[in-house]
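Each of the next two complexes has chain A plus one other chain: chain B in the first, chain C in the second.
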Partner chain A sequence: MMDSRSALLEMRDVSVTVRGAGGEVPVLREVALEVRRGELVGVVGETGAGKSFTARAVLGLLPHGARRISGSVVFDGTELDTPRAYANLRGTRMGFVPQNPRLSLDPVFTVGSQLVAVIRRGRRMSRTHARKRGVALLTGLGVHEPERVMRSYAHQLSGGLCQRVCIAIALANDPELVIADEPTTGLDVTVQRQILDLLRSQLVRDGRGGLLITHDLGVIATWCDRVAVMYAGRVVAIGPVADVLREGHPYAHGLKGIAVALEQGVEPVAIPGTVPTPGDQIEGCAFAPRCAVATDLCRADDPAPRPYGDQLVRCHHPVADAELPAVGHPTRSEEVEV
Partner chain B sequence: MSAGQTSRQSPVLELHRLRKTFKVGRGPKARKVRAVDDVSLTLDKGTTLAVVGESGSGKTTLARLAMSLLPPDDGDILLNGRNLTGLSPRALARFRPSMQMVFQDPFDSLAPWHTAEQIVGSSLHLRRDLGPAERRRLVVEVLERVGLPQRFLSRYPHELSGGQAQRVGIARAIVTRPSLVVLDEPTSALDMSVQAQILALLHELQNEEQLSYLFISHDLAVVRYLADRTAVMRRGQMVEVGDTAKIFDRPENDYTRELVEASPRVTAAPAGRQPDRARADGVSHRVRKAL
Partner chain C sequence: MVGYTARRVAWVVPILLGVATLTFFVSRAMPGDPAKIFAGSQATDTAIAAIRAQFGFDKPLGVQYLDYLAGLARGDLGTSVRTGHGVLDDLMGRFPATIELILAALTVALVIGVPLGVAAGASARRGAERFARGVSTLGVSIPEFWLGLLLIVVFYSSLDIAPAPVGRLDIGVLAPDGVTGLITVDALLAGDLEVLGNAAGHLLLPALALGLPAAAPIIRLSAEATASLLRSDHLFYTRAIGTPPHVVYLKHVLRNIAPIVTTMTALIFGFLVGGAVVVEEVFAWPGVGLYAIDSLHYNDYAAVQGFVLLAAAVYILLFLAVDLVNTYLDPRKRLT
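Moving on, here comes the complex of A and B:
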């Protein structure tokens, strides 16, 4: 059972719709991904691609008006198909760091009392002991004054402190699966490194697993084993991080180009156009209007997932490493100095 | 760098020895938090000053002080040479359109019961010269500039993803063409491709309108790209300030150095920090080759 490579979480072709002005519109389209024991899987993609919905679909926490219309979610061999199936999982075996930390904390209780409550839900423990554990958790997450933070209300904390309180709540009961939705966007890079190092080493060591949603490819490259790239409600590429970033899906390459350009201090080349919004009529590949190598085939036929090396890509014309153009043009400062 | 070399007129914003302390808890267990502790900074017209540093180090508090959204315990705030410290809310109201802020958390800062059009339009409430059609045109135009087509006009914040909401926040700030824009992690909720578009937009607006940015960010790549000067904060204090290139290439302070080194990269995974860390070395190699 504790086979380190066995699947901890499997999402099989999950489709989710939300009620919009003109009826039901799809936000997730046949999302398939897997988290194995001992690995951290990244989810990357543009705003509105459906990353947060993916997290919520796994957790059975879809917002009002949204519903799963097909597909299945299997956690440690058990299919999660009813609200009941989740009853003893969330907060204990599954930990969740929501995208919006301040809003997810209760404004009328101190954050310490919320943390203590979660800790005591997972294990029998006196309030004093739970409090000590809360302080220890926060300290491990790089919080300098954990006592003061415990006594604060959410509105009295900086964004990054709220975020760490939410991470502490998610990790409080050593969940087997951690789903973190942009958990470090509000944190400085030293704290980010401390937290992701901690998260990764715990998960890998104990044969637990994590789904890390982020739009920061640097984070993916540094801390994740595999990555799923999402576009318009679909997983368009999934595979080992180095492979996905190296070659394959044109969209993944476009994202990488921007990250690399910024890192090298050159002007990034934005991917032209915008992501389709749910409800837009999509024919063929959803990325075709923005894709430099799109053909008539792409515009007519939505590509099914196919193997490409160790990846699975939804693309008719995956690009090989050698064919990829260079990214970026000269820096701002160079332009000025010339 | 670019616009910074234009003129040496009086700075848009001067912060002089600002202090702000908060109290948390009650009774004997009450604690004081020195959120901002004796910070002075200057922002020249048409330039970008970045504030980076530890989370909880007082960056947002500093931004709110600069915007006169919070009174300092001590110190002065000068906007275009005019001292705003101690002005009444009424007197301050006149200055509001010329200083705008984009907040860290888009959902916190957008009224949930207003549509995108109303939110952006609300910034123009002092422009009595605008008719409804003209106002709408400005709103449509600015939303399009930040990448939101017309159909978003009638959306409420809960119908937007995080990045879309942040774009509405940016539109609301720039629609009045302010002289000072305080951006508190404006791109941290945005993905790479939209980030690139927003950064290009901010850059373009700065050149066209001589906008001045006080830019708070944790993303050092973005700071390096956008900021002329950078200030580093830690535990309420400013530990280093100077030209961005110098701060990054020759940091003097230990904390600054630590910060610069901790920045995760696609092109170079930090070596030897973590034995089992996922590997991206192959990527860095290939990327370098591609460049």
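Moving on, here comes the complex of A and C:
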């Protein structure tokens, strides 16, 4: 039954709108992606591309005023169509690692009590028992003095330590899927590497799936198996990380150029133009105004997803590796001196 | 922490001194001569002069002031012209009735205000926010005496389900001996359910008259606190890790807005002390508020000053207590 390659999570053409001043504004447009067991899928894009809405749509916790107008989220073969269906998964089969862990843990409860509460939701056990398990979890995640950490409040701990606590909370009930929303933003580079190594090893080891939301292509290149590139609320390219970064969608290629330049410490060549803001009228391909290879077709017709090698790209003119100016590949971040 | 508390406590004395000074001179500025009022319209000048001399009103104002301060230092609030008793004894005898009324009103305000406020703040609907706003405007604009009279008219005069709005117990029912002086609590401790029911019946309407208007600001503030809390990172995270909604609200939301509610409670306590004066008058409730009003009619300087001083002292101690409680409620404020 446990086909390691079967889809654990599927988002099928999910569209989400937000109530704005001028009516319903689309923030996710037919987002389709899947996470299989044993793989870490990255979601990358600029601010406003819809990354966080994607995470929230999977969790079933869209903010006030936002709603899913079409599409479906399927978890392990079951469609999540009611709030209850999501509620039964969160904290048990679906773990969550937040951006900004120090602000995410409740400031008025000790981190231990929050960890214990999650453990006891997963299975009935005494508080003492759950506490022991919490200490064991933290120890397993490389936390020194776990008892002291359990007794602390979030504001008394470092960001990295808080994130380990959040990972312990995410993993407490052996979830099959972990969603991490910018889990290392605001942490320094060394801690970032430790946290992502930890997350990846925990996920892949037990055949879990992971969805890693980030704006950092270097993180994707180093830790993810597949990547979904988002632009203006759409997934414009999805596929194995190396493929997506090598060829296909011109936007992904442009992003890679910037990432490589940043890592090499040279001035990046910016993609001309700006990201459309949600609510802008979009004719044709949303990226066309900034795209070097766009044609009249691109400006008139929004491309449907099409296979390109092992990828799916939303592009009329996907570019092959040979046609692209060389920008090199992002280096693994261990080699990066920042 | 200890040093901080000590500094706060050290401030109590100068503040009370200021309050005493202010009330001393303000009450002297009121028109009317307490000796004349006390002696009655038929009294001779000699009799009035004798009363003046008895209470020291014949001395220069500065001397009276110093005498008053000297008395305060000894814990002597002076003697009431009207009752002839020491003001401190008068106040202490009536204080439990007022405390009972205020605590009951506070309970009414919190029990109604916090759940409604949290519900309004949690509701995504715009109507809920308008409701909170509307109710709080309404509450602020309803005078307690009017609400008290309305309650009396409806529940005593018309429906006849409430006891006569006079005092804390029916005539003939004896208050239990008790340590607290709060009849409901003393009756409960003594296990005397009959007296408990009687006292609770008498307490209900004045507590509503005083507490319902006070619920309004609580609704408003807890709605705002809840709404901003629900936008916070940690409430999103709490839900994202699978905390069921009832736990989110009963544990996380209530615990997070607790410091705000506590501070609000202290502010409202001051509002209630003022309101109690009026409500005690309407319900003939034998507390310090009624005593203050009666004393005011007599220009009974010492009694009025004593009441203001007591109210100020209660207020200061309350804020001190709130600070300490909030330090406990919000771990981020703890100085380690």
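Points to keep in mind about this one:
Assume the second predicted complex is superposed on the first by the 300 of 338 C-alpha atoms of A that agree within 3 Å, B and C clash if a C-alpha of one lies under 4 Å from a C-alpha of the other, contacts with A are read in each partner's own complex, and residues count from 1 in each chain.
FYI, a residue touches a chain if its C-beta (ideal position, glycine included) is under 8 Å from a C-beta of that chain, and two chains touch if they have at least 3 such contacts.
Values in this document were obtained by computation on a predicted structure and should not be read as measured data.
Touching more residues of chain A than its counterpart among chain B and chain C is B. By the document's definition of touching, neither partner reaches A:Val111: not chain B, not chain C. Looking at the shared chain after the overlay, A:Gln192 reaches chain B, while chain C stays out of its contact range.
Touch criterion met: A:Asn100 reaches chain B and chain C at once.
When the two complexes are overlaid on their common chain A, residue A:Leu212 makes contact with neither chain B nor chain C.
Looking at the shared chain after the overlay, A:Ser201 reaches chain B, while chain C stays out of its contact range. In the superposition on chain A, no contact is made by A:Ile238 with either chain B or chain C. Of the two partner chains placed by superposition, only chain C is touched by A:Arg121; chain B is not.
In the superposition on chain A, A:Cys291 makes contact with neither chain B nor chain C.
By the touch criterion stated above, A:Val165 is placed in contact with neither chain B nor chain C. The interface of chain A with chain B overlaps its interface with chain C at residues 99-100, 103.
Chain A meets chain C in the complex at residues 59, 61, 64-65, 87, 89-92, 94-96, 98-100, 103-109, 114, 117-118, 121, 153, 155, 166, 169-170. Residues 1-2, 22, 24-25, 29, 31, 33, 52-57, 60, 104-105, 107-108, 147, 149, 151, 161-164, 185, 188-197, 199-200, 203, 218-222, 224-225, 235, 245, 258-259, 262-267, 269-270, 273-274, 276-283, 286-287, 290-291 of chain B are the ones that touch chain A when the two sit in their complex.
Contact residues of chain C toward chain A in the complex are 124, 232-245, 247, 252, 255-256, 258, 329-332. Across the complex, chain A meets chain B through its residues 40, 44-49, 52, 99-100, 102-103, 144-145, 147-148, 151-152, 156-161, 163-164, 182, 185-193, 197, 200-201, 204, 215-219, 221-225, 241-242, 245-246, 254-256, 258-265, 267-271, 274, 277, 321, 324, 326-328, 332-333, 336.
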